[in-house]
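One chain, chain A, links the two complexes that follow: it is found with chain B in the first and with chain C in the second.
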Partner chain A sequence: MWGIYLHNLLDSFPFFLKGLWVTIQISALSLFMSTVCGFFLGIIRSTRTRSINIVLAAYVDIIRGTPFLVQIFIVFFILPEWGIQLDAFTSAVLSLTIYGTAYICEIVSGGIQTIPRGQTEAAVSSGLTWPQQMRYVIVPQALRPILPPLVGQYVLMIKDTAVVSVIGLTDVTRVGWFTVQRIPEGILVFGLVGILYFLICYPLVWFSNRLETMLSTEKSGLG
Partner chain B sequence: MITFKKVNKWFGPLHVLQDINLDIEKSEVAVICGPSGSGKSTLIRCINRLESIQSGELYVDGIPVHDKKTNLIDVRAEIGFVFQQFNLYPHMTVLENVTLAPVKVRKMKPEHAKQIGIELLEKVGIHEKADSYPAQLSGGQQQRVAIARGLAMQPKIMLFDEPTSALDPEMINEVLEVMIQLAKDGMTMIVVTHEMGFAREVGHKVIFMDEGQIVETAPPDDFFDHCKQERTRLFLSKILTH
Partner chain C sequence: MLKTFNFRVIFEMMPQFLHGLGNTAWICLVALIGALLMGIISCVMRLSGKRLISFPAVAYIEMIRSTPLLAQLYFFYFGLPGLGIPLTETQTGIMALSLNSGAYTAEIIRAGIVSIPKGQLEAATASGLSLFQRLRYIILPQAIGVTIPALLGQMIVLVKDSALLALISVFELTRAGQLMASERFMPAEGFFTTAAFYLVIYFVLKFLSQQWQKRLIFQQDR
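Presenting the complex of A and B:
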């Protein structure tokens, strides 16, 4: 039995690669955009300006307090009711970005807050402007606490792209759904889907662990 | 050079600076001492508005620092500030620490800034550590780098907030020597410290603060030998006996 299925599965492999390519595209775009937006908002959030922070905290809480599935439904099905039409791909990238930005914003502002006040005071005293303080003094130091959880967040987001299949995008998970209707051996089909996700995510997991050890030894031994 | 006129500051209900009046002339070296919590650090932190004041006037080189409209970048560029905890940038080399502000604030060419940086590191006796990172230096060395960093902006004023308090005793002198040389070169300095030897050697006036007030101001010799206030006498007896 499995022999035939394996053979069929091998025949469908190009289809899987196509799906994987969609997954990679959606991941890469949304990771990039949520990193940029997350750093931007995280840096602003770390200033503790009251009015801005109320808005940012509300955004972060709402995103973190609702399922991503619901968020993507809102973007894909509800925005059109207000006259904003987006195709499935754009909706997927947009909702993943909104979702990822919230988490990265928290990671970045948390990292920045671990930097001692004296660093800001020294930078302020020497006449650096606020963007210069952030750019040259605070953020480079904050990368140390930011990077490991950031890479971890990337892994979570790549796995969460599986949800985009519900709005009809043929990513690698949806390819699995199609295939399992022809090859009724779920463990085989979704085993392959799982392996493909693992192949993208594992290097990142490894890198994240590596970063953590590297940064902590650097801290004690100083490189 | 620096003028306080009836300056008041509160931290919540705590009245940390009470009607402060103070004049520091160009090239003057003023030493501020007093018990902890007396407001002496707050006082010098107001000068470059690390802390803002709630009433009164504060001028640095004629510029109203208390005025919300004043461009503080220009004021701060003219004032070097040395912290108790050094606050060097740990991710930069010693030389990068010194050249950052001249390049970014003064728009100095990096090569030029490096040259000045090396000269200053020579002046504080630490040029061989130019490419080291702060954590590889002793406390005394770090504080000397911090002084060089302040001087790199070619400031008109240098402020020192307990510069030797975080140092091991054997490192205090190497920092004081640099500060003494600076004073002799004619730098305008305000130093919060309990190093009374420093005050006697190069100080022009000693200011005693207690509970947010300036209790007494006098030239060092008068201050130490014939202070007028009972509170000053009590404080001096505590710090000079050991």
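Presenting the complex of A and C:
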């Protein structure tokens, strides 16, 4: 039996690759957008302006406190009720971006907080404007604590793209779901889906761990 | 937008939501216990220092961490019946959640164990304690205390992940919202109510985590 199923599965392999391509597109777009927005909001959050901070903290808490599945349902089913029509792909990218931005914002503002006050004071007394302080002094130094968790967050987001299959996007999980209706061997089908995700995510997990050891030894070498 | 928001229907559906909340709560508690067991076992195996024992644990942890929970859930949901293992949807869900969360818990506990000073282990070994005794009396009591905030964080993740069980038709919070969306055609009311319940759980767990963190800092100061 398994021989036939395996044969069928190999026949439908091109569909899996197509699904993988959708997964990669959604991941790349939303990773890029949430990195940009996350850095922007994270830098703003680290300035400790009270009113902005309350709003940002509430945003982060709401995103972190609810499942991504519920968020994507809200974007996909409720925005149309308010007259905003989005197709599945746009909804997926939008909700992933909103979701990822909240986490990256926290990572960035946390990283900036580890920079000693003296650095800011030195930058101010050198006559740098606030954007210059951030651009040349604070953010480059903060990248060291930011990068490892940022890559870790990328892995989490790529895995969370699997959830967008529920609003009808044919990503690789959805392809698996279709295939398992024809080839009733979940172990085979979702084993293959798992392998495809593993091929993307594992190098990133490895890279994140590597960054962590690399950056931390560098730190102790300097200290 | 709030003009059309129908609170009456939310109250009407409240028993369903509470039922879902109860299911979410007990499913997560059972899965948490499973995750702790899996975490402790695989972490001890990983730190054993013997290749033959540590490799399966490393493979398990890395495989789980590099694949989405939804794919794992479908893997068991569609795969187990083919192997002749009849589990209900809820049991499948609890199993997938435990295995998934166990891998992350293992990493958290490992961080806790690594944080224990080497002298403690040496003293324990020198006192002639067996591996089990060292774990039971020296290592785990110290490791667990430090890791409680991280474990509560993992609990938050677990609660949110349990929303995916709605996709294999387990009746929990998200499923209750979905039902309201499909039966009453009120997605806004359904999903916002669901989100509100999750937020309550989140804030409770976050508060506990912060309290514990304060306690830890206080202990260190003394």
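Following the convention adopted for this analysis, the second predicted complex is superposed on the first by the 221 of 223 C-alpha atoms of A that agree within 3 Å, B and C clash if a C-alpha of one lies under 4 Å from a C-alpha of the other, contacts with A are read in each partner's own complex, and residues count from 1 in each chain.
Following the convention adopted for this analysis, a contact is a pair of C-beta atoms (placed from the backbone, for glycine too) under 8 Å apart; a residue touches a chain by one contact, two chains touch by 3 or more.
In this text the structure is predicted, and so the values were computed from the model without any measurement.
**Student:** Considering only the touch criterion stated at the top, classify A:Ser126 as touching first (chain B), second (chain C), both, or neither.
**Tutor:** first
**Student:** Once the structures are superposed on A, label A:Asn53 by its partner contacts, choosing first (chain B), second (chain C), both or neither.
**Tutor:** A:Asn53: touches no partner chain.
**Student:** Could you tell me if A:Ala162 is touching chain B, chain C, both of them or neither one (first, second, both, neither)?
**Tutor:** Touch status of A:Ala162: second partner only.
**Student:** Just to be sure I read the superposition right, which of the two partners does A:Asn8 touch: chain B = first, chain C = second, or both, or neither?
**Tutor:** Neither partner.
**Student:** Which of the two partners, first being chain B and second being chain C, lies in contact with A:Gln25: first, second, both, or neither?
**Tutor:** A:Gln25 contacts neither chain B nor chain C.
**Student:** First (chain B), second (chain C), both or neither: which does A:Pro140 touch?
**Tutor:** The answer is first: A:Pro140 touches chain B but not chain C.
**Student:** Does chain B (first) or chain C (second) touch A:Pro67, or do both, or does neither?
**Tutor:** In the superposition, A:Pro67 contacts chain C only.
**Student:** State whether chain B or chain C is in contact with more residues of chain A in the superposed arrangement.
**Tutor:** C
**Student:** Show me the residue ranges of chain B that touch chain A in the complex, using the header's touch definition.
**Tutor:** The contact residues of chain B facing chain A are 48, 50, 73-74, 76-77, 79-81, 83, 85, 87-91, 100-101, 104-105, 133, 135-136, 149-150, 153.
**Student:** Quick check on the complex: what are the chain C residues that touch chain A?
**Tutor:** For this pair, the touching residues of chain C are 1, 4, 62-63, 65-72, 74-83, 156, 160-164, 166-167, 174, 177-178, 181, 187-188, 191-192, 194-195, 198-199, 201-203, 206.
**Student:** Which residues of chain A touch chain C in the complex?
**Tutor:** It comes out as residues 61-62, 64-71, 73-74, 77-78, 81-82, 155, 159-163, 165-166, 173, 176-177, 180, 184-187, 189-191, 193-194, 197-198, 201-202, 205.
**Student:** Which of the residues in chain A come into contact with chain B in the complex?
**Tutor:** 116, 118-119, 121-129, 132, 136-137, 140-141, 222
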